[in-house]
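The same chain A turns up in both complexes below, where it pairs with chain B and then with chain C.
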Partner chain A sequence: MDWIETIINGVLLGALYGLLGLGLALVFGVMRVVNLAHGEFIVMAAYAGALLAALMPGVNPLLWVLPVAVLAFGAGYVLQAVLVNRTVKSGDPLTPLLLTFGLAVVLRNLMVEVFGTDPRALDGGAFTRAGVDFLGLRIGLFPLAVLVLAAVMFAALQWLLARTEWGRIVRATSDNARVVRLMGVRPNRVYNTVMGLALAFAAVAGVLLALRSSFTPYSGVERLLIAFEVVILGGLGSFWGAFAGGIALGVAQLVGQKLDSNAAALYAHLLFFVVLVIRPTGLAGRSS
Partner chain B sequence: MMGRLLEMDSLQVWYGDLQALYGVTLQLDEGRVLALIGANGAGKSTLLSAVCGLLEGEERTRGAIRLAGAEVLGRPAEALAHEGVALVPEGRMLFPSLSVEENLRMGMLTRRAGHWTLARVYELFPVLQEFRERPATSLSGGQQQMVSIGRALLSNPRLLLCDEISLGLAPVIVRQIYQSLEQVRAQGMSIVLVEQDVQRACQAADHVCCLLKGRVTLQGAADAFDHAQIAQAYFGH
Partner chain C sequence: MRAVGIVLLVLYVAAAAAVPSVLDPGWLSLLSEILLMLAMVQMWNLLAGYTGLVSLGHQAFIGIGAYFVFYFSDRLELHPFLLLPVGGVVCAAVAALLAPLLFRLRDAYFSIGIWVFAEIVYLLATKTRELGSTNGVALKAMRLVDTETFARDSFWIAALLALLAVGGVYALIRSRLGLGLMAVRDNELAATSIGIDVWRNRFAAFVISAFGCGIAGATYFTGSMFVSPEAGFDINWVVAMMFIVIIGGIGTIEGLIIGTLLYFGLREGFTAWAGVSGSWYLVAMGAVAIVVMLVAPRGLWGWVREHRGWQGFSERRQPPAMAEGGQG
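Here is the complex of A and B:
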């Protein structure tokens, strides 16, 4: 019974991990840019949530997910428009990589300067601690809600990309940014909204993660590592793959924790390593 | 009275130190078809890129290109698409992630009103309706060319530029494509055809313009020249 509970909790944690990777997968899938500052944006969203919670202490921090996501969309849009588009144009994949690496360092130190290095956490109140007993298993309500939210967000993104005009434009731009211009599309604008959306997803994940575990300005690296593993486990550019990858990591981590409480993360990284060796294209990736 | 749609006035284009076009002057009236012929590297594609705004800014240009009297040289492709310039690019350049119909719908993004609707494109190329849900690049070469032409038509352009639409296709398919183009033309479309197949081009066009190493070597009514004159202009000897 214990083990089933562990696996279920791993799945629930994994949904959140999937969400961490979703934005990274989207940006890479559309513009072949690896955003090394992804983790810092996740942590900044957590700080934004903490700031809002401190300003209005009576309100449930869960409600801050939406305004923080909107803010993050704006930040992503501006970041892409002002900085990243210039480097995408260069055609050298190393240029945006260096840019976002530098940006990560700047943002990290900015957060140290503004917020200090003390670990913080968001308190979501009774809801984050509530649970239900189901066939003798204890399932947290909050992780369950996160799983549902993550599934909804993955499905929403899938729907946006597959069924809407915007999605059609994004897929076409990803295929051939030069040819879409002949149809009156400005690729840079497409990239701006994609980066905005990616950071909005990252922000949601950031606030939700802050409700589960504490964070410091240095947490970004750890978050980025998880996001990376999720994306690569799932197969680059595959969104449902990222969801599955997140769940695999979550389960591996909690199973590992149960086997050896000091080495939870090690098991997740080991799983990543093993998959990379056996199936370098990821779970949902096409083998070449 | 037909108006002048396209005017090119001593257009020169350089890629770095390399000059691709040496002062090309040509005109196209509304509803007319111009065939642009010439060997590989003659500058045909550069000329089309200049007209549809795809020169990337690393090239230097001099001269003028006017669309219905308005200067368009140096304006970006996305703006010219809205002004009514459409290109059927060499190699078709369909979007592999999109279905046939999704590819066609990309052409409708300019929201220009006109004769061409999805239903009319399907009338022109019935086979596309049958395959509308399929991934565009799973179609045969000829069918892909139809998608590419349909996509361009759906922007209801004033000027349709076709780059090597017969390249790599079987003769029977080429004939079919050119018959469709005849129907497009009957709707009053102005067309510039870039074509390797000189005979085919001269049959389809009102005017012909031959480029050789970036210079115009022959220009006039498509039926005004004999084989020897065109060969001389094409090869330069």
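Here is the complex of A and C:
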């Protein structure tokens, strides 16, 4: 019974990990840009959540997610418009990577100066501690809500990209930015909204993760690593693959924690490495 | 050009010989650190600048080299300095074993794959009791060392490594291997079609890069007589290397010398002289990196090369009249 509970909790944690990787996969898929500042935005969202929590005590923590996501969308839009677009057109994929690297270091150390390095946690109140008993298993209500939210967000993004006009424009821009210009599309604007959306997803994940585990300005590095593992495990271009990759990592981490209480991350990393050996294209990637 | 090179070499050797008797120990260890960073950053750039493989996991080699020397110098009762090259060879062997796995990954995937590898090694080190777990270990082999001359000799090793790294990378990129590497970086398909073995070229660069970082890392920690998993496998090694490469100019040799001096200049300027707290210099460095990427994506030296036409340690050979403008 213990083991089943561990695996279920792993799945619930994994849904959140999937969300961490979603924005990264989106930006990489559309612009071929590796955003090394992704982790810092996740942590900044957590600090924004903490600020909101102080301003509006007693509100359901899931409601904090919305304003933080809107803010993150704006931040992503501006970031792309002001900085990243200038480097994307250089054609060398290293330039935007190194730019976001510089940005990550600036943001991380500004957070150190502003917030200090003490670990913080978001207290979501009674809701985050409530649970239901089901067939003798105890399942947290909050992680369950996170799973549902994550699934909805994955489905929404999939639908946006596959079924709407905006999605068609994004996919066309990703395929050939020069040709869509002829159709009256401004690739830079498309990139702006994509980066905004990616950071909005990162922000949601950041706040939700902060409700589960404590964070410091330095947490961005490990969160970026998780996000990357999720994306690579899932395989390029597949959002559901990223979801599956997140769940695999979440389960590996909690099973690892159970086997060896101070080396949870080791098992997740090992799983990642083993998958890499067997299937370099990821879980859902096509083996070409 | 050759005469300038010889004069520079003689000046460097003379300066390195004189420095330990002139500088006090604090300055000497800072200078050693600068020289070792220069050696490591040349190795990192050999991979990133000439093959396009951006490694976020080179701290693994720094840590492995250091731990190898710490453990075996004590076990085998050998002077740690004797084991430094062996530490490099161990790192090269690790890289050779890792390459078939990691080279299946493209671009960013390679960067993350090697980062995860470094994390795994780090976590294993924290769990190994013989290596001091999370607390780290002191250099027990200090009992075999003449403490009078230890700092001086460490400095000389650092100076030698920096010289070998700069000279070695210069010789390498002008060789057949280096030209092959750059051809692959610039256009993989075209390079393959003229018969360049992409995999073997990358493999060679990766193994050499690991070897150099392993020795330099082992030398750094031997000099400080203590290593812990936190310090040895610190991602900030790579963060510093990336800064230097960004600011100086990726794929250049001289740029990295400028970048290294700027990095340490800013660090010491902010923390030691201006007394500004620890993280502000990093904020400043990050901001400088952003500005450099926006204004001069090829770094400061790349900019100088473009606008002033200076060549320095360029991979460009004096071309015979026909082949003008061939290799860039």
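Quick note on the criterion: the second predicted complex is superposed on the first by the 287 of 288 C-alpha atoms of A that agree within 3 Å, B and C clash if a C-alpha of one lies under 4 Å from a C-alpha of the other, contacts with A are read in each partner's own complex, and residues count from 1 in each chain.
Keep this in mind: a contact is a pair of C-beta atoms (placed from the backbone, for glycine too) under 8 Å apart; a residue touches a chain by one contact, two chains touch by 3 or more.
Just so we're clear, the structure is a prediction, and the values are computed from it rather than from any experiment.
When the shared chain is aligned, no partner comes close enough to touch A:L55: not chain B, not chain C.
In the superposed model, A:V185 makes contact with chain B only, not with chain C. Put chain B and chain C next to each other and count what each touches on chain A; the higher total goes to C. Once the two complexes are laid over each other on the shared chain, residue contacts for A:D175 go to chain B alone; chain C is not touched.
In the superposition on chain A, A:L135 makes contact with neither chain B nor chain C. Judged by the touch definition given at the top, the superposed model places A:V277 against chain C, while chain B stays out of reach. Once the two complexes are overlaid on the shared chain, A:A263 sits against chain C while remaining clear of chain B. When the two complexes are superposed on chain A, none of the residues of chain A touches both chain B and chain C. Those residues of chain B that touch chain A in the shared complex are 52-54, 76-79, 81-82, 86-87, 89, 93, 95-98, 102-103, 105-107, 109-110, 151-152, 155.
Within the complex, the chain A residues that touch chain B are 165, 168-169, 171-172, 174-176, 178-186.
Chain contact summary for the complex, chain C toward chain A: residues 48, 52, 54, 101, 104-105, 107-109, 111-113, 115-117, 119-120, 123-124, 127, 235, 239, 242-243, 246, 250, 277-280, 282-283, 285-290, 293-294, 297. Listed in rising order, the residues of chain A touching chain C in the complex are 28, 34, 83, 86-87, 90, 92-95, 97-99, 101-110, 112-113, 221, 225, 228-229, 232, 262-263, 265-266, 269-270, 272-273, 276-277, 280.
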